[in-house]
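Here subunit A shows up in two complexes: once beside subunit B, once beside subunit C.
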Partner chain A sequence: MIDNTSSFRVKKAFGVTMMLVLLFFAALPTVWVLIMSFREQAAIFEPIWESPLAVTLDNYRGIARSDFPKALLNSFICAGSSTLLAMIVGVPAGFALAKSRLSGKFYASWLLLLLRMAPPVGFVIPLFLLYVNAGLIDTYFGLIVAYMTLTLPLIVWSMWNSFAQVPDELIEAAIMDGATLGKAFMQVALPAARPGAVAAAILGFLIVWNDFFYALIITRSSTVTAPVAVMNFISYDSVDWGSIAVASIALTLPILPLMVIANRYIVQSLSGAVKG
Partner chain B sequence: MARIELKNVEKAFGKVEVIKPLNLDIEDGEFVVFVGPSGCGKSTLLRLIAGLEDTTAGTIEIDGKDSTSMPPGKRGLAMVFQSYALYPHMTVRKNIAFPMRMAKIPRAEQKRRIESAAEVLNLTDYLDRRPGQLSGGQRQRVAIGRAIVREPSAFLFDEPLSNLDAALRVGMRMEITELHKRLETTMIYVTHDQVEAMTMADKIVVLHDGVIEQTGSPLELYNRPVNLFVAEFIGSPKMNIINGEQASGIDAYKIGIRPEHISISTQSGLWKATVGVAEHLGSDTFFHAKVEGMSDPITVRTDGNMQVDRGSTIYLSPDEQKVHRFDSQGIRI
Partner chain C sequence: MTSKSQPRATAELERGYRNMLLPAVFAVGIFAIVPLAGMLALSFSDYHLIRGTNWDFGFKNFVRLASDKRLMGSVYAMSVLSFFGVLTQVLIGAAIAVGLSKIVGKWRLGRVLFLLPYAVPHVAVALIWLSLFTPTLSPVNAFFDLFGITVPSFLTTQNGALLAIVMADTWTNFPFTMLIILAALQGISPDLEEAAALDGATRVQSFFYVTLPLLIPAFLMVTLFRFIDSLKHFPMIFVMTKGGPGRSTQATNYYAYIQTFQNSNVAYGAAIAVTLFIVAAFISFYVARLNQRITS
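And then the complex of A and B:
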């Protein structure tokens, strides 16, 4: 039945208006950055109607020649590896926490929450001192391990929840069917918790991809990640806004498809899609 | 084919003793039903046999082999769960193939067994569907199919019909009984529904608070319940329990008489009663009548066509041969 009463139409119009306003505020900076990336350096602060033809690809060419692509690759390496490693450790850990009858689970949940909620400064300063002594500053290994302090608690915590939604009987059925615990995990529990696993991996990746602080402290030159590299376009005498705009776009584009996938899986994992 | 023996089996969760030490023999090919109210330990007992729970004490022998600490998958038993526990991401075919894949049975043999099971269970048209696309009854059949293809030495059923609606339940009850007759494999079936127990079992094990109250064939339990608990649990509607004068008159603390063993008359009889609520089922009618001198109303079964008005006086006469007598401990005399 379609509700055509006037009060409903007013509500609907109000809702649509609110969404448009929200969309405008969300889209404005993005559009602005996009326009900026094509403007000539000299025309960047001029109103667009004064010099509508001051359009150039120089900003893009400049970025391509700079160290920025290398930094983007570093971001990929760090986000990918720290997420992958955290998944390899964290997914079985989440399974164990969700399904074992250990009595210490309560403490584990506290510890995990603590790790999730503690401010990054709390980790970075001790890590920095440790890394200076161990020679791990500006190494991939050091950075990836540091990022796992972010990704691992997130993944363990969310996989714990995902596996808790998988009925015990499913795993028991697999074990009765002759599966080892490992096979029951890989072939039954994990596929049933797949939406949660995909969502956790993407969220982990995004946290690292967007991180600025850890990379700023731990990297120097060779392992600089993209968010830190953006800072190099700010020098003492000038700020290269055109390049910054291009860098922002280069930072956003690769994660757009991830956001779309994540959106779908997060909804699925929240709605308990595992129930057959 | 399996004979299952439980010797002094005991299970405690922390300080709570769920199964008190018990002994039970299940013969090869027998259809055994564990029945009892919720929380009586019947599911736990089944899970102990399955190996999904560890025993606190005692031994479980399957075919004469001590299987107490054998992992579940090695015991040669197949289990059907209440929630069916089908793997949601696999098709029906893959669900049924799963135990065979685990046992590394050759592909061709897997295919043959899947097809024959699907035919028996009317699943041939559904083999490529996912469990989410099936009805409750079909899911139940897939779960049974998954159990059959393993060719287990015994089947374990954990309240398999309680998620189905009443009409389907009767149908599946027949199918499972039929399956047992054809396969002649040992089956252990857990239910809280005494009707399921009575209709399906070769042997019923009545459990209560982790203790076996009585073991026997459905008719043994019906005709000679060893105590008040079994007397009241088996039979529907349940047995009338009467204490006081009527009981002490025949040297008992309490007496029991089933609704179907009381004759009803409008003229004369042993007990004078006033008719209360009548339940018409068509084939039978159950009257709840208040007998003079008794505190609880008596349930009586009569022919479906008998019409007696509420509030009118009737006379009830229990069949003396069918009266059960119990002592003060509730034990049969």
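And then the complex of A and C:
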């Protein structure tokens, strides 16, 4: 049905205008940070139309020479390792929760949600005291272990949802054919849930990559991750906006492709049913 | 399979499942339950990083909580941030989702453009919005200056600072709402709206009476998840306002951090964290029940 009445056109124009306004809201900060990253230090406080040609790569060179790349590497190490560890432990657990007839599954789902929702300050206070006494402050081991509190509940929860969508018959058939449970898991269930597993790993990686609070408390200079290292560009008397802009871009670019891949599955990780 | 061997096979299978679950149970026990137990124990103690500790356990932290004016202030700040943040995220996210599905059709680039803010780590979000709210730097201020309009400095007033955090929070999180609502919209069969149209419903009527009711579970889920996340506000407060001006943006999670790591009062910080945790426990119980109802 094509509706060409004028009232419909007015509504359509209103809708398009709304979308453009919202697009402007969504895009302005992104465009602004790109502009800021290329501005000369001396011109950064001038309106852009007064010195549009004050363009430079100095901010990018400065970041490349600073300690920031090492902090990015630290972020990669921590996000990668804690995600990998949580996948090894969490994927079979998600499978078991989705397919077994264990009682108390509801409480497991509550616990997983609660761990995801609990205020991080609650985890960090005891961890901090423990780490101070155990000499684990500012170590990769300590940080990776701490991040397991973020990645594990997320990965178990989202794999539970992914495996729930694999038909029970598929696994039953494999077991009828004489496969062990382990084989049925590795050769039937896991391949069927592979997109979900990729998404769970990406989400785990992103949650650690994004973290600011844990790293702020339990790292010092040697294992500092990128989100905390950005703060070094702010000192008591001045803020190095050019470097901050470049660092913000450097923080976002590596995960942008992951986000584009994972966005469809973010929904699933919440609940298979919300899909509709 | 004969009926006799089935119970035994099932029992064996269940044992297998239990073995697969065991490492995770163990890991959750170590990585999550132990710290939480530690937090609970600390909240009843008198642990202080400077003043020293007598390991004298009792309810005094919780008694103090009940009459702590700063805590009340922090709950107010948290409520304002949560309420307005979640509200704008849900409204903007839903508007864009409807727009993307109805007006622009299958515009994939639009989807990616709107998704972009969600990919920016929160510290970067906070820094970018701090720059937008710094009057000497902001292009918004510079633009309005051209017309002789002075944009007020948001971060120096109480409500302005709260609004600034809500805006930054909304900017980075509306794509989450958008994604969920969009997925829910796409899950609705077009037949339903066609049937409504055949029955003489207008587009507006079919949206409000057919589409919207089907979106309610998605709205509920999104609101709850965003609400719970909003209780954990930290990087934006830390970067943009440091809890100020005064204590006006010191939300509860941030207040627990201040008590623990700036005032060195670990026990009291832990008591605040326990209180927040109990709130999260109630909400997550409700979410788990909701999830169970939707999936079964």
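In this text, the second predicted complex is superposed on the first by the 247 of 276 C-alpha atoms of A that agree within 3 Å, B and C clash if a C-alpha of one lies under 4 Å from a C-alpha of the other, contacts with A are read in each partner's own complex, and residues count from 1 in each chain.
Definition applied: contacts are C-beta pairs under 8 Å (C-beta built on N, C-alpha and C of every residue); 3 or more make two chains touch, one makes a residue touch a chain.
Computed from a predicted model, the values in this text were never measured in an experiment.
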Subunit B versus subunit C as contact partner of A:Val188, first or second or both or neither: first
First (subunit B), second (subunit C), both or neither touched by A:Ala42: neither
Partner, of subunit C and subunit B, that touches more residues belonging to subunit A: C
Which superposed partner A:Ala173 touches (first subunit B, second subunit C, both, neither): first
Subunit B versus subunit C as contact partner of A:Leu73, first or second or both or neither: neither
First, second, both or neither for A:Ala13, with subunit B first and subunit C second: neither
Partner chain in contact with A:Val156 - subunit B first, subunit C second, else both or neither: second
Set of subunit A residues, in rising order, touched by both subunit B and subunit C: 175-176, 180, 274-276
Touch list for subunit A against partner subunit B, complex: 167, 169-170, 172-180, 183, 187-188, 191-192, 194, 274-276
Sites on subunit C touched by subunit A in the complex: 1, 9-10, 13-14, 16-18, 20-21, 23-25, 27-28, 31-32, 34-36, 38-39, 42, 47, 92, 95-96, 99, 102-104, 110-125, 127-129, 131-132, 136-137, 139, 142-143, 145-146, 171, 174, 176, 179-180, 183-188, 197, 203, 214, 217-218, 221, 225, 228-229, 231-232, 234-235, 238-239, 253, 256-257, 260-261, 266, 269-270, 272-274, 276-277, 280-281, 283-285, 287-289, 291-292, 294-295
Complex interface listing, subunit A residues touching subunit C: 1, 3, 12, 15-16, 18-19, 22-23, 25-30, 32-33, 35-36, 44-45, 47-48, 86, 89-90, 92-93, 95-97, 99-102, 106, 109-111, 113-123, 125-127, 129-130, 145-146, 148-149, 152-153, 156, 164, 175-176, 180-182, 185, 209-210, 212-213, 216-217, 227-228, 230-231, 241, 244-245, 247-248, 251-252, 255-256, 259-260, 263-264, 266-267, 270-276
Interfacial residue positions of subunit B with respect to subunit A in the complex: 50, 52, 71-74, 77-79, 81-89, 98-99, 102-103, 130-132, 139, 146, 150
